[in-house]
Each structure stands twice: as structure tokens, then as C-alpha cells.
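Handing you a structure now.
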Amino acid sequence: MSTVKLWTDEEAAADPVVARVFADIRATRKSDFVNNLWRGLANHPQLLEATWARLKAVMAGDTVLGPAVQEMIYIAVSTANACSYCVHSHTAAARAKGMSDAQHAELMAIIGLAAMTNGLVTAMHIPPNQAFMVPEAL
Amino acid sequence: MSTVKLWTDEEAAADPVVARVFADIRATRKSDFVNNLWRGLANHPQLLEATWARLKAVMAGDTVLGPAVQEMIYIAVSTANACSYCVHSHTAAARAKGMSDAQHAELMAIIGLAAMTNGLVTAMHIPPNQAFMVPEAL
Amino acid sequence: MSTVKLWTDEEAAADPVVARVFADIRATRKSDFVNNLWRGLANHPQLLEATWARLKAVMAGDTVLGPAVQEMIYIAVSTANACSYCVHSHTAAARAKGMSDAQHAELMAIIGLAAMTNGLVTAMHIPPNQAFMVPEAL
Amino acid sequence: MSTVKLWTDEEAAADPVVARVFADIRATRKSDFVNNLWRGLANHPQLLEATWARLKAVMAGDTVLGPAVQEMIYIAVSTANACSYCVHSHTAAARAKGMSDAQHAELMAIIGLAAMTNGLVTAMHIPPNQAFMVPEAL
Amino acid sequence: MSTVKLWTDEEAAADPVVARVFADIRATRKSDFVNNLWRGLANHPQLLEATWARLKAVMAGDTVLGPAVQEMIYIAVSTANACSYCVHSHTAAARAKGMSDAQHAELMAIIGLAAMTNGLVTAMHIPPNQAFMVPEAL
Amino acid sequence: MSTVKLWTDEEAAADPVVARVFADIRATRKSDFVNNLWRGLANHPQLLEATWARLKAVMAGDTVLGPAVQEMIYIAVSTANACSYCVHSHTAAARAKGMSDAQHAELMAIIGLAAMTNGLVTAMHIPPNQAFMVPEAL
């Protein structure tokens, strides 16, 4: 169903870059599971390495928002970009990192509300108020 | 610049529904400031009332995420929908509700990362892993 | 395949809010059929109730556009937001409310044309003409 | 502000294809006004000609929806694609073709509602019901 | 799964417009294969004819970019619009027209990078530099 | 107009990370010009560094597509994401790297065509043909 081959563990083991990244994914997440995004990116080892490095730095490093909130923001962006794989994978991750049912309910409510007012604002082309501006940027 | 008239306070006072909603916005936010979204929606009083009721319930009611995180999720959705007014208004609101520079930095990092992997996943049409599925939904 | 459980009628009957909304959906539409959107929203009863209230007010209330045109506008938005469930459900609804094949053909033609000129305008960053502005808003 | 030059009438008169298209725009619309989209497309005469031909066929030909409804669907698509020029130009056109304030209010309500449920459906990844399917397509 | 019937060759043969377009698709591409987009558009013969005419003119005519680059640009747009059918069909077409694995890797890298910086720019609402403007357009 | 401060050269000089990145931008591009994206990202030095590193690797490194084609793909993505700053900056970059008027015309034609067929495919929910699938991925 994908436009690229999804690499098996055997295929990954035969490429030194892919093997190294898959090993780091497993070590970082303390899990043997390597999800399909990385198996697709394996077709382009440099892109795999750069994408994993960026995701690891942002989502597995120090965080002031906390892991569950990080994943909820990821879900919000993925929803607006209509990426169903991403919605699935980050909803699963958010739950694994502690998102409660009440937090999911509030996330859904904000996603729906924001999409609604985004549409209304764009359809009426509402101009920003001066009060929203950063003083230094005026 | 808008496709509808932005109502002044004088015009708002002359319509009972608009007057009531503007008064409730001011009372709820403990501020005299009524931003342009509501001044545009005033052209359609029923829509104004329904939109404000929904926003008030979600963003000014009980919250398990907290006001600043709510606004950051709003920014994430508004960015992906390319709504510049919304990005401006909710960034100002997030700061007013306590978003720190470090939180803004992390929000930007997640928005950029999510947009990147959304694009990669869609371009390669990666299928969801079974492991992402809700057990009850299988 | 969803990220939330889709509630059965038995599960819905056990929650007073969900039961009340499902009953109102059936009474309003004069049909026993409750589509999956509501079965997913049932996980968050308050969001279910608010979403149904809004949809009922707009799509099942007084209308100056007429039911079929309402649904065609819904299809147009859903297409641009790449929501396949929504395209499916509102195309079915539009047909049920009288959309003819000729109307569907014209809807498709406008959706394609608008997407094309949207792209051209954005790629060339065409500035709005003064003549498009609302006199009161200048 | 655009990424291409906006052609003046003098420049347009000097290119036979552009001159012919501008003349046809004026004749078709019974107005001397040529809006900026066409002045930008004039940089690429073949694209200008093809785009105008398509727009003329869809928006200035026979219609089962009627001119105002056509423009309202155009606004709906343009909003979801965040094309502000397009929202401006087609809102002006819809008003010129008879869209009432009540119709605009209903259009706004549907755009906001559809954006909201599009977001909810995508965030929960609701699967289409079999009942939505076209019998011949199953 | 589609919202319209996908026409078989037998059905296409019975409509003179559809039959003519299908024959031209086959002659232009030197292949008996007619993909599903055209089988869906067959429900609206005039739209089928206009869409094929436009696609043929752009993608099967003279080109300064070359066939593979054309298809890669098509993939880039289709990805950002979250059109999975389009991503599939144009990735297959790009490969058939000579896109190498190295070119696909670079395309993926640019798609991911552009989506990331698009998000950052919109979230921070960065204003364009004067230096980007076309001199004639200032 | 931005939601963050745009750093001046003086401010940049006072932060070691920002100073280093700005110097590398100037050295890589052999120009004193530092565009606004980097001046906004300077508020978050780590994000600035990571974003520049990624952009430099993709857009200023080895390329099989060539610099002008890279920029045209960037324009295509930025257009579909409705990022006007990005459309401006990458159109300027594409011209600086040799994009001809004829190439720009073809780019515009593909962007418009792709947006049109993306819309038609999504509105009719056309299923992918088996023939588009990667053999190894079936």
C-alpha cells in the first residue's frame, strides 16, 4: 500500500546506516518495535538518519511540556494535515505516555473548535488586532 | 481588509444579541477588549452567539490541560490551517496565560517536526501498524 | 481502524447523555441509523452533545440555501480538508436530500476549478483588488 | 507584493494572446474591470488562456446551481485552502450575483461546522459506514 | 469505496464523449491502461473531457522541465494536499518516466524540509523581506 | 507583524549559537543577507541551529535534481501549504539559481493542474489502482 518498500529487520541489518538507526530507535524507546515510518525511510538512509535524529532530539530529550503534551500537540498538527498514520501513531504514543481520557476529550474539543474558528476567520478575512503584536516586532 | 464589516461598540450596542455576547466576552475575560473575530461575527448574531458559547465552554471552563497548553494546541491547529489571525491571537493569549519562552521554543520544534514527518508519511503513504489500533476498535 | 472505540447501541444506552443524543439523532432524522461519527464522539459525551447540537441547528433547522445546497457546501469544505469519511457521508446525504447528477457534476467542476485557481493565486501571491473590499471595512 | 509582475492594460495590449483574453473577460462580464489574477497570469499567456477558458465554461456558462450558489461553493473551497485573495474576490462576486446576508450567514455557519467535524473525524480516524457507499461502487 | 461509480470499458464504450476520451488516453499514453480517475470522471463527461484536455496539454506536451521533474512536482503538491491516490499514481508515473532512487530520496528530503519550514514560518508569522519582491511588482 | 522578535545583527552577535549560525549562513551563501526566517528562529537558538543544519544539508549540498528544480519543488509544497513568505523567498531563490520564465510557467501550470485533480480525486474518493503499487510493498 506504500509507495516505497517497508524494510524488514533482515534487510535493515544489511545496511550499516539503517542498522545503526534501527538499533538506536530500539535502545531509545526500550522496545523491539520499529514502526513503519522508519521502515519506509530506510529506503533513503541519510533521510532516515536525519529524521530520526530530529525526532529523538525533540521528543525523547529534555522537555518543559512533558511527553504527553508533546504528543497531543503532534496529534493536533497531524490532524490538520490530514495524516491518518500520524494521528494513529501519535494517539497511541500519547496514551502510552499517560494521556488520560479526559485529556483526550479536551484535545478533541480544542481541535474541533480551532478548526471551526480558523474557517470563520479565513472566510471573513479578519485582520489581526494591533494588541496581538509583539511590542519588539511592531 | 475583511469581507464583512467589523462592528464598533456603538453598532454592537444597538443589537440585543450582539450586545449580550459582547458583554459576556468582557465579563468572562475581565477586560474591555473585544477582538476582531467577534466584531466580524457580529454581522451574523446567531453564529456569533453559538461560536462564543462553544469557545467559552472549551477555553474558559474547567480544564485538565491548563490554559497555556490549551492555547498551544490552538496555535498548532491554526498553524497547520495557515490562519495568520488565529496564530497571532492565540500566541498572544498563550503568553498572557503563562506560556514561557522555553515552552514556545518546544512548541515551535514540535510543529516543525510534525509537519516534516506528516509530509514524509503522506509522500510515502506509510500504512498504520496494527499496534497503533485501539483494541476495542479492531 | 479508528483511534477511539465506536460505541454500540448497547453501550450508548448505558450512558444517559449518549442515550439522549442518540435518541435525538434518530428522532430528528426519522431513521434508526446512527453513523460512526456519533459512535466515536460518544467516548466524550459533552463533546458529542455540543457537536450534535451545532450540527442540528445548522443542518436540520431553518435554511435559506436548502438542504441539498447545504450538503454540497459541506462536501466542498470536506474535500479541501481531505476528510474522506466526511466526503462520503455528506455525498450520501446530499443525494438523499435531492442533489441531482447534474448538480454533482457542477459541484465537482467548481471544486476542481477553485482548487486550481487557489493554487495559482497563492503561487503568484496575487494581491486583492481594492474593488473586492467591503465599503464599510475600508 | 506578488511574485510576478501584474500586467497593465498597455502591456496586455502588446501581446496578442493576452489582449484577446482580456477582451473576452471584459465582454463576458460586461465590465471594464480585469482583476489581478488575470494580470498575474498574463506573464504566462497559455496558462492565462487555459485558466480563463475553464473558469468561463464553469462559472459563466449554463448552471443548474445558479450563479450565487456557485460562488458560495467557490468561497467554501477557497477558505479551506486559506486563499485570502480568492475569498475576497469570490465573496465580492457572490454579493454581486445576489447572495443575501442570510445566505452569507448560513454559508459561514456551514464552513465553520464542516471544518469542526472534519477535524474531529480525522483526529478520531472514523471509518466510513457501508451505508454511505454508492451501490455500484461496492 | 468511491462516491461515484467507476465506469467499465463496456460502459465507456456506450457514451460517445467518454469513449472518445478513453481512446485518446490510450493513444496518448500508448497503453491500454485507463486509471481510476478517468473511470470516476466518466460520470460527468464534460468534466472528464476538460480535465483530460488540461492534463494532456501540461503533462504530455512540450516540456522544459522534463517528464520526471514534472511528476515530482505533481507528487509535491499532492502530498501537501494529502491526496493518497494522487501520490500513488504520480509516484508510479515518475518512476515510469525515469525518476531514480536518488532523485526520489532528494524529493522526499525537500518535501519534509519544506513542510517543516512552512510550519515554522506560519507559526511565527515571519514577514517577507523586501529583497524577495519582484522589482516590477513593488 | 511577526509573533516573535526578528533579531538584528547586533542582537545576533551577542548570542554565541546565533552568531555562529548567522556566520555560517553568510559563508555558505556568499552573501551578507540573512533573511527573516533566521532572524525569527534566533529566539530559539537550538531550533535555529537544527533548522539551518537541515536546510544546508538538503539545499546547499550535493544534488541530483539541481538547485533550480529543488527550489521549484519547494515552491510547490509551500503553495499547497499556503505559506506566502515561503512562496516569496523560494521564488526569489529559484530565479537566482536559474529558473527561466518558461520553467516558471510550467511550474505554475503543474501546480494548478495538480491542485485541480487532487480536489476531484478527493471529492470522488477514487481508490488507487493495483498497478500503482510497489511490487515489494504488496
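A, B, C, D, E and F are the chain letters, set down in written order, and residue numbers restart from 1 in every chain.
As a convention for this text, contacts are C-beta pairs under 8 Å (C-beta built on N, C-alpha and C of every residue); 3 or more make two chains touch, one makes a residue touch a chain.
Treat the numbers as computed from the prediction; the structure is a model and nothing was measured.
Contact with both chain B and chain F is made by A, C, D, E. Comparing contact pairs by residue number, the interface of B-F is reproduced by B-D among A-D, B-C or B-D, since over half of the pairs coincide. With every chain reduced to the mean of its CA atoms, the largest distance from chain D is reached by A. The rotation that brings the Cα trace of chain A onto that of chain D spans 180°, given to the nearest 5.
Centroids built from CA atoms put chain E at 33 Å from chain B.
If each chain is reduced to the centroid of its CA atoms, chain A and chain F end up 20 Å from each other. Centre-to-centre, using mean CA coordinates, chain A is 27 Å away from chain E. Within chain D, contacts with two or more other chains are made by residues 1-4, 6, 47, 50-51, 54, 77, 79-84, 87-88, 91-92, 107-109, 111-120, 122-125, 132-133. Because contacts link each chain to all the remaining chains, their graph is best described as complete. Considering their complex, residues 1-4, 6, 33, 35-37, 40-41, 47, 51, 54-55, 58-59, 63-65, 69-70, 72-74, 76-81, 83-86, 88-89, 91-92, 100, 102-103, 106-107, 109-111, 113-129, 131-133 of chain D touch chain C.
If you check the complex, the residues on chain A that touch chain D are 75, 79-80, 82, 84, 87-88, 107-108, 111-120, 122-125. Across the interface of their complex, chain B is touched by residues 82, 87-88, 91-92, 101, 104-105, 108-109, 112, 119 of chain D.
If you check the complex, the residues on chain F that touch chain B are 3-4, 43-44, 46-47, 50-51, 77, 81-83. By the touch rule above, chain D contacts chain E in their complex via residues 1-6, 50, 54, 57, 132-134, 136-137.
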